[in-house]
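My questions will all concern the structure given below.
Every chain is named by a letter (A, B and C) in the order it is written, and numbering of its residues begins at 1.
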C-alpha cells in the first residue's frame, strides 16, 4: 500500500479536501465510476470501511437506507472492488466480506418468496440495513463529539503559579512504639557492654523526673526543693523525685543551695549551664 | 483542630486553590484539602463557588464545573486567538479514533470486538492505545466470553476534556428513521449489536 | 493582516493568555503572540495590564511582573493553606534516627556523645535535628563536662504521639517477645542501677 492518508479532522464548517492526490486536493467525491488509479486507493483510505463506503454510495444516489436498492448498490460496489483488484490494490478483508454479503443478499432476493417466511427476519436486506443505520448513527455521533468545545482546542485550562517561596506540606513518617523498641534491641545486640546501660522501669521514671526538673530549670533560674514534689503522686512519687534530685546532683547537672540550716533548699542549674 | 478564617480570605483561598491546582477540584476535594479544619459547610462552599462563577462571568477565564470538579478555563470565544499560541497543544484525531471514542462513550461498557462489529472494520491496537494513553477510556472489566475481552468505558478525564459534567450531557444520538416500507415490515433499530 | 477586536474582548484575551500560558509572558511575548495582527500599542497594552493588576488586587490570585514577564500567582498569605493541597510524604526514618530516639527515650537525659558511645558510631547533626524538628526531643540542660554538651530528653509531644502518659509506660524490652537463651547470655536485662 502507498502512504496512508493523513487523517483529517472532522470539522465541517468548511469543506475539507476528501483526499490529496499528488498534492492536489480532491474536494468532491467522483461522480462517475472513472477514478484515476492513484485517487482510487486514496479514496478508499478516506472511508472507514465498507459500511462507510456503502453509505456513501447510497447517499450519492439519494437513496434511503431503508430502501436499500440492492441491485444498484451491489453492482456499483462490485465494480469498485473489481477495479481495485484489477489494479492489484491490497483490499482490507472487510471489503471482500461485504462483497460476498451483497452477492448473497442479491441472490436470496431472486429466490421465490414463501409466504410463511414473510416475517421481519425474512428480508435478506434487513440485517445489512440494521448495520448501516447503526453505523450511521455512530458516524454522526463521532462528528457531533468532535464538534463539542474541547480543551486544548476551544478552551484552555486557566492556572496561576504559586509564590516562589511556597513550601509544600510535609507529611512526617509514622512511627510505631515497637519500631523504637526494636531499634533499642538492635543496639543492645550490637553493644556487648550494654550491661552498663541497664534499662529498668523504676530507673526509667527517675530519669524522666530528671528530665522534667531540668526542663523546669530552663524556664526558671531557681526551683524550691518542695516544688519538685507532688504529694498527689504518693510516697513512690516523692521517692522518685528525691532520687532524681540526688542523681542530678551526682551528675553535677544541678546545684543544691541552702543559705542556713532549715532555710529553704533551692535547685539551680550547675554553674555555667544555661540559666 | 478548628481554625478561623475571614470570609473575604475564604473566598480568596478557594479561588487560589482552583487556580493553582492542575486538576479540577470537587467540593469534596476542597473540603478535605485546602479547607480541612476550617469547618466550612457544603452550603457555604456552594455559595462561594456560585459567587466566583458570577465574578468571572465577564472575564477572560471562567469557572466551570465538569465531571471531576471546578476549574477555570478560557472563554471559548477566545479560542481562535489562544489556539495559535499553542498549536502543538491541540492534537487532531482521525475519524477512526473519534468513531471508536463515540462508540465507547455512548455504548459503554463495550468490547473492542463489539466496536468492530458496528464500525464494520477492525479497530487497530494503535487506536485503543491512543484513547487509553489520553486517559479518555479505560478497561473497567472483562466480558465473560471466550478470550475474556476487556470492556471499555470513558473516564472522568474524558468528560472534563469535553467540558461535560456527566454522560447524559453528550449530544443526543440521531433518531433512526422508522422503517415503514411494507416490504421490510418492521426492522427493529435498537442499536443492539448482537447479530 | 489587521484584525479588529472589541476593547472588552481585548482585555479578556490578555487575561486569558496570561492564565493559560505555562510561562510568564512579557509585553513583547503578548504583542508578538496572542496580539499579533491586532495592532495594539505598547501604551495601550500597559494600560490594560495595569487595569488587570487593579482588578485582581483583592482576589486570591494576583497579576505580578517578574523578570521574565507577567503571570498570575496566588497571594503569598494563602500559602500555608494551599500547602495542604500538595502534601509531600517524607521518607521513613532511618535506623540511625530510630536508634537515637530509642536511646533518648530510655536513657534521658543523655548527651549526643553518650548516644555515640552506646551506638558505636557517630550521630549526625541531621539526625538530632530530625528529632528536634519533630518536637519529640529537646535539650533540657547541659552536662558540665568540657564542651558542655546538650542533654536531650523526650517531650510531652513524644508521649502524646505514642499514646503514653509518662515514660514508665514505655514497654520493657523483656515484655515484647520471649528472649532466646542466646540473647540472655549476651544481654543482661536485670535492674542493676549502677550507671
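Here is the rule we go by: a contact is a pair of C-beta atoms (placed from the backbone, for glycine too) under 8 Å apart; a residue touches a chain by one contact, two chains touch by 3 or more.
A quick note: this is a predicted structure, and the numbers were derived from the prediction, not measured.
Q: On a CA-centroid basis, which chain has its centre farthest from chain B's?
A: Farthest chain from chain B, going by C-alpha centroids: C.
Q: Taking each chain's centre as the average of its Cα atoms, which chain lies closest to the overall Cα centroid?
A: Chain closest to the assembly's C-alpha mean: A.
Q: Find the geometric centre of each of chain B and chain C from their Cα atoms only, then give the gap between the two centres in Å, rounded to an integer.
A: That gives a centre separation of 35 Å.
Q: Between chain A and chain C, what distance separates the C-alpha centroids? Give it in angstrom.
A: 26
Q: Whole-Å distance, chain A centre to chain B centre, using C-alpha means?
A: The mean C-alpha positions of chain A and chain B differ by 14 Å.
Q: Which positions in chain B touch two or more other chains at once?
A: Within chain B, residues 16, 19-21, 61, 72, 74-75, 82 contact more than one other chain.
Q: Among the residues of chain A, which ones contact at least 2 other chains?
A: Each of 156-162 in chain A touches at least two other chains.
Q: Provide the residue numbers of chain C that touch chain B in the complex, in ascending order.
A: 8-9, 11-17, 19-21, 33-34, 36, 58-61, 72, 74-75, 77-78, 81-82, 84-85
Q: Provide the residue numbers of chain A that touch chain B in the complex, in ascending order.
A: Checking each residue of chain A against chain B gives 7-10, 48-52, 64-67, 92, 94, 98, 118-120, 123, 125-127, 129-131, 133-162.
Q: Under the touch definition given earlier, write down the residues of chain C that touch chain A in their complex.
A: Those in contact with chain A are residues 16, 19-20, 61, 71-74, 76, 79, 82-84, 86-93, 95, 98-99, 101-103, 105-109, 118-120, 134, 138, 140-144, 148, 151, 153-154, 161-163, 166-168, 170-173, 176, 183, 186-195.
Q: Enumerate the contact residues on chain A facing chain C in the complex.
A: 156-163, 165-173, 175, 177-192, 194-205, 207-208, 210-211, 214-215, 217-218, 251-253, 269-274
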